[in-house]
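Note sheet for the following structure.
Labels A, B, C, D, E and F are assigned to the chains in the order they are written; within every chain, residues are numbered from 1.
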Amino acid sequence: MEKPKLIVDGKRLDGRGFEELRPIKIEVGVLKRADGSCYLEMGKNKIIAAVYGPREVHPRHLQDPSKAVIRYRYNMAPFSVEERKKPGPDRRSVEISKVSREALEPVIMKELFPRSGIDVFVEVLQADAGTRTACLNAASVALIDAGVMMKGIVTAVAVAKVDGQIVLDPMKEEDFYGEADMPVAFLIRNDQIESIALLQMDGRMTVEEVKKGIELAKKGAMEIYRMQREAVMKKYVKEEE
Amino acid sequence: MPEDILMDIKRDYVLSRIRAGERIDGRNFDEFRKVEVKTGIIEKAEGSALVKLGNTQVVVGVKMQVGEPFPDTPNMGIIITNAELVPLASPTFEPGPPDENSIELARVVDRGIRESEAVDLEKLCIEEGEKVWIVFIDIHALDDDGNLMDASSIAAISALMNTTVPAERFGVGEDFKLPIRDFPISVTSLVVDDRILVDPCRDEMSVGKNLMTITSDEEGNVVAMQKSGSYLMAEEKFYELLDLSVAKAKEIRENVREQLKGGENGEDEES
Amino acid sequence: MEKPKLIVDGKRLDGRGFEELRPIKIEVGVLKRADGSCYLEMGKNKIIAAVYGPREVHPRHLQDPSKAVIRYRYNMAPFSVEERKKPGPDRRSVEISKVSREALEPVIMKELFPRSGIDVFVEVLQADAGTRTACLNAASVALIDAGVMMKGIVTAVAVAKVDGQIVLDPMKEEDFYGEADMPVAFLIRNDQIESIALLQMDGRMTVEEVKKGIELAKKGAMEIYRMQREAVMKKYVKEEE
Amino acid sequence: MPEDILMDIKRDYVLSRIRAGERIDGRNFDEFRKVEVKTGIIEKAEGSALVKLGNTQVVVGVKMQVGEPFPDTPNMGIIITNAELVPLASPTFEPGPPDENSIELARVVDRGIRESEAVDLEKLCIEEGEKVWIVFIDIHALDDDGNLMDASSIAAISALMNTTVPAERFGVGEDFKLPIRDFPISVTSLVVDDRILVDPCRDEMSVGKNLMTITSDEEGNVVAMQKSGSYLMAEEKFYELLDLSVAKAKEIRENVREQLKGGENGEDEES
Amino acid sequence: MPEDILMDIKRDYVLSRIRAGERIDGRNFDEFRKVEVKTGIIEKAEGSALVKLGNTQVVVGVKMQVGEPFPDTPNMGIIITNAELVPLASPTFEPGPPDENSIELARVVDRGIRESEAVDLEKLCIEEGEKVWIVFIDIHALDDDGNLMDASSIAAISALMNTTVPAERFGVGEDFKLPIRDFPISVTSLVVDDRILVDPCRDEMSVGKNLMTITSDEEGNVVAMQKSGSYLMAEEKFYELLDLSVAKAKEIRENVREQLKGGENGEDEES
Amino acid sequence: MEKPKLIVDGKRLDGRGFEELRPIKIEVGVLKRADGSCYLEMGKNKIIAAVYGPREVHPRHLQDPSKAVIRYRYNMAPFSVEERKKPGPDRRSVEISKVSREALEPVIMKELFPRSGIDVFVEVLQADAGTRTACLNAASVALIDAGVMMKGIVTAVAVAKVDGQIVLDPMKEEDFYGEADMPVAFLIRNDQIESIALLQMDGRMTVEEVKKGIELAKKGAMEIYRMQREAVMKKYVKEEE
């Protein structure tokens, strides 16, 4: 499996420019049972997120008397990837669930719901690079749909180094053959990026490239943020009609 | 406590309506909710289908691998059916290994497909005794508003009909459509007092989980049955269920077949 | 492995007629530690059932304040089948345990024992088709032996379609090569079949054949029911001597 | 609470009898309960035995498979011993994976068989370094009225002596009797104060689980020992146990050998 | 309750010192605790290292096996990194399968080694597509006084540099030193208010677990990053961390390199 | 793999006499977080033991209102043996943990700490025969270091039958090829061996050889006991300086 050329004539394999996102589709409130939900496509990623809560926590000794307990479960459907994935959590999904939960915890106003639990469940129905950021984006919208109070919206996107270039939102080939991958999530409030909520990276980049990557991620996140808002708005407008 | 009270009120309401000869959502007692089937929704899977049964939603994906046959069926492919009741789909589902409910769901769906011989397993033999196709049928619940069983059965057979065997990718010849030769449909009913409620929604199940699933094939033969739930069933009630279920299956089968043929599955056409 | 002819000259492979049960042997009270117990043979099936309870349930949050909690565990000994079975529950035994428990639950007078637990444990020492029905028969007797109040006796038997014939109580070859298998359990009270407690089926049968099968199962169940009663009686007569 | 009180009363009673020089069931301190052995009770197993030791009952089944030898013993068969303390056998056993008690039981029984070299493992080599027989010894407790250990040991060696190697079924030659060349017997005692109670029944164990198991071979060599239970044992007491256990083992061995030979195993004769 | 109060007092104390511009153990904010590295301490392992970072202690052992390559990298060896947070190392660790913390630890250490391409995996191919070396890196925590991450990273690369590939034992040629071509170092910092505390000790972490790990290679490239902990990080703070971490890594790398060369590893010399 | 001659010219493979221990090194208080700890080498065995407690037990229903609950966990590092060991407990380590705990339980004055837990965790960093006895020796010292009240010191050593000889403290080749192995632990108080705390044996020995083995084990244990005391003393002398 030889590495293909990932950038040809200044364009990426799927024709995108370096700073271009894949097509995104967001639908709010797609599930009946969940308190909030969101379906999100980002390129070939197909994600569905559900939020339950604030609700009672069982057994009791898992409750926190001062704030809500947040759970976040990232899960891939067995058919979401080329080679069938064995059902159940693996090491990768445990790590992703941890850093994703840690991105949302400081944003959710947990103190408002002592002793209760807020559960965020995200299913990857189809995976195509960048699932953890796509999942966070869906989870944020589902949290809003559930009416959970937050300090802002969490919006995530990955950047990558590919054939020497820093590019936005890598798709599968770029992730696999590229030099580096850096998923980032931001807290956005009042149309302003406030801080970093999630940050991971693996590969090889200079310090300058990392900084450039963050700048590019901010640009991408703002675009996604607008789509998240729009999707939420569309649902509520529809409901009022 | 408040939840318990809510449940009590709901149950009383459902029961009073049933006794008045009505279902809470206005359906006839032998009426399914609206069935919507979309296939080919997961491009990375060999076959897939999303089924909506009212608000209940299930995705089934089919993946195929090459593996060894079972020693006692050396010239036949293998079907493995698995169900995940992920906690996204219901406030009562918990993360963890499959519990008795998801195991029962997977096994009853599996029996419908297996016993109707819907998949021609002999055509899935690559090299007798050495290499056969393994068909993984993964049921992934998205929203459990009652009767995951029938939604899953419909999704499973629809996904199988949507499946292309990826022979090229595995270097064993040319791709071909998965050979399907039957169309099993399960019909699940809730038994309440003297009443049979076909395709119960979740609120209806607040009166108890007295379920009966009867799966029949294209010719109206029974291929699988499962009494599920802690209750006793009168013999005559069962005979009534039997006739009713086979009749309803025919109806649903035509409905699904129309949708699978229909133009509404844009993504399906290319495959 | 070619399918053999299962019916020759109107007789089954083991010489039985279509409506004939395999030989049955039932012994009551065979274990000291259990509150009730039963050893049962049905053809080559060798089953032992034990009942514990009503007894305390641990941990407490598993108790039901309004009635007894019933557990049913169907388990096969590793040496009970041709190919050694790995110890522990598999998917098949989990399903059998579920439907068997659900057959007994509406028959046991659970409301008499709030907060308590009644455990039914059944071990298959040797398996030869029809283990789930044989186990239920043994469990029913063990429940009686334990003095657990019930609305009647649960009696189970399978019927099968074999070479086009509906036959009673299939043995292994009939189960393996036959066209359909249908295990049924009935609640029997005052020598009367009252209702169906368990019903499963896999294979292929017409609706008429299913109905004929139920009729045949009823016939078989009544025979077994008499043997269950006799076995219980024999023990208590012995005790009074 | 009532259970605790019952336990206390039982313990006091057992202790008072012991101090009076008696056992609650009237046995001598060095006396086993009645041993009953039946072999060949599981026709589907390669070998089997049911042992009753008073009210304690254990079934052992032996299954054989063909597999790869361990790299460091390429010309020897493999023994795998497993014990299931299924919840049927005692109110204190819970369903679930083997706990420390069932693991200890399996390992001590295994050591007796392994270290006495009771099974001639070299005769279980089919093809050096490639294929050997794997002997699965599965201990299945039925009724735990105390001393499952010795009941299991007796059942294990009896089942092995009852075993026929199913070579034909696996296409590797003719069936043959499993080659057995020793007869290990374990003797388990309860140490109470200054007393040794051989083959304790369950009520006796209400005073504590201070057990010592000593397994010896046909020639009176010690092949396995296991102190089990949270207690301290005086050195002299151990020497007393040692002599006693080897002597009792001899007695039990003769008893069991008689039964295995005897005509009372109708089912055994055919094999 | 008393423990909670103790924690509160500790946290207040740590915070007050930080606000006064000091760390509780007197270190500068960008100062590591003393790093001590000993390699070759486990003779039975192919490579090993014990790292002390102040009172934090970690052992890493490297074992190698021959196995099959992954299908998509048929000519490359395989690295498998595993961490056990055994309960010996901290009152907060519990026995059981790896939890999210030990999984994260293992994966971040793994990424540093993997992404810096520290191990020349192509030289670990024995037979393309058939046989390659599998390198097991096992992280075994002994004493968690904070920053297990960096202690583990240092121990892992040190153990790899100490590793001899046991080709003779596996009959595939002569032993050779594991080919290492980079020297990744992770630097973990605690972010408290506006302050960055490099290499936090455990008492410092009583103020929160707001950690950032940045791993860089010999040339000062970033090869892995991990924000860990439920907190929000200002962008400028991250840039500060970035520069600081790469600079500190260089310093630690030299320190460790000196120790690995140095005569203090008596046991290492023979290998 | 043919059995080598294990005794040549009256000496063992590593030059030891029959009644000679391998070199032992004991260090006390080597861990900061644990309440008591000990590092111990015995031949090539490298052991580290930690004691936590008396401390609270969670969840509560595991507490014993009358005494401390003792846990003992024997664990081998994956790299401690020739073939990498899969992490986590196996059947062997579960059994060793059980008999080791049972050796310490009657020696620890559990009644002094009702409702509390005392945890003994022992890690085998390198294994070379006799790990269970080496671990118990380290555990005893760690318990003293933690200030846990005991009726004496538990000291353990194995004896073996090797080429017909009863020898002290077998190393790996002797364990693997020898005729029998017998690990023993004693309670030692006031320089006197009081009783047997652990005793296992597998192999083949005459009754007389077993007795001879116990005598030899007592001799070896007294030597180790002195080293345990010395190591403890050394730490406390150092602390007072």
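As a convention for this text, a contact is a pair of C-beta atoms (placed from the backbone, for glycine too) under 8 Å apart; a residue touches a chain by one contact, two chains touch by 3 or more.
These numbers were taken from a predicted model, which means no experiment stands behind them.
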{"item": "Labels of chains that are neighbours to chain A and to chain E", "value": "none"}
{"item": "Topological distance between chain A and chain D, in contact steps", "value": "3"}
{"item": "Farthest chain relative to chain C (centres taken as mean CA coordinates)", "value": "E"}
{"item": "Chain separated most widely from chain A, comparing mean CA positions", "value": "D"}
{"item": "Length of the line joining the C-alpha centres of chain D and chain E, rounded to whole Å", "value": "49"}
{"item": "For chain A paired with chain C, centre-to-centre distance based on mean C-alpha positions, whole Å", "value": "51"}
{"item": "Junction residues of chain A, two or more chains touched", "value": "none"}
{"item": "Where chain D touches two or more other chains at once, by residue number", "value": "98"}
{"item": "Topology of the chain contact graph, where touching chains are joined (line, ring, star, complete, other)", "value": "ring"}
{"item": "Running round the ring (origin chain A, first step to chain B), the chains in order", "value": "A, B, C, D, F, E"}
{"item": "Chain B contact footprint on chain A (complex, rising order)", "value": "31-34, 44, 46, 48-50, 52, 55, 73, 75, 77-84, 87-89, 119, 121-123, 125-128"}
{"item": "Contact set on chain E toward chain F in their complex", "value": "41-45, 48, 55, 57, 59, 61-63, 65, 82, 84, 86-91, 95, 97-98, 136, 138, 140, 142-145, 202"}
{"item": "Contacting residues of chain B [partner chain C, same complex]", "value": "72-73, 98, 100, 103-104, 106-107, 111, 114-116, 212, 217, 220-235, 238-239, 242-243, 246"}
{"item": "Interfacial residue positions of chain A with respect to chain E in the complex", "value": "1, 91-92, 94-95, 97-99, 101-102, 105-107, 180, 182, 187, 193-207, 210-211, 214"}
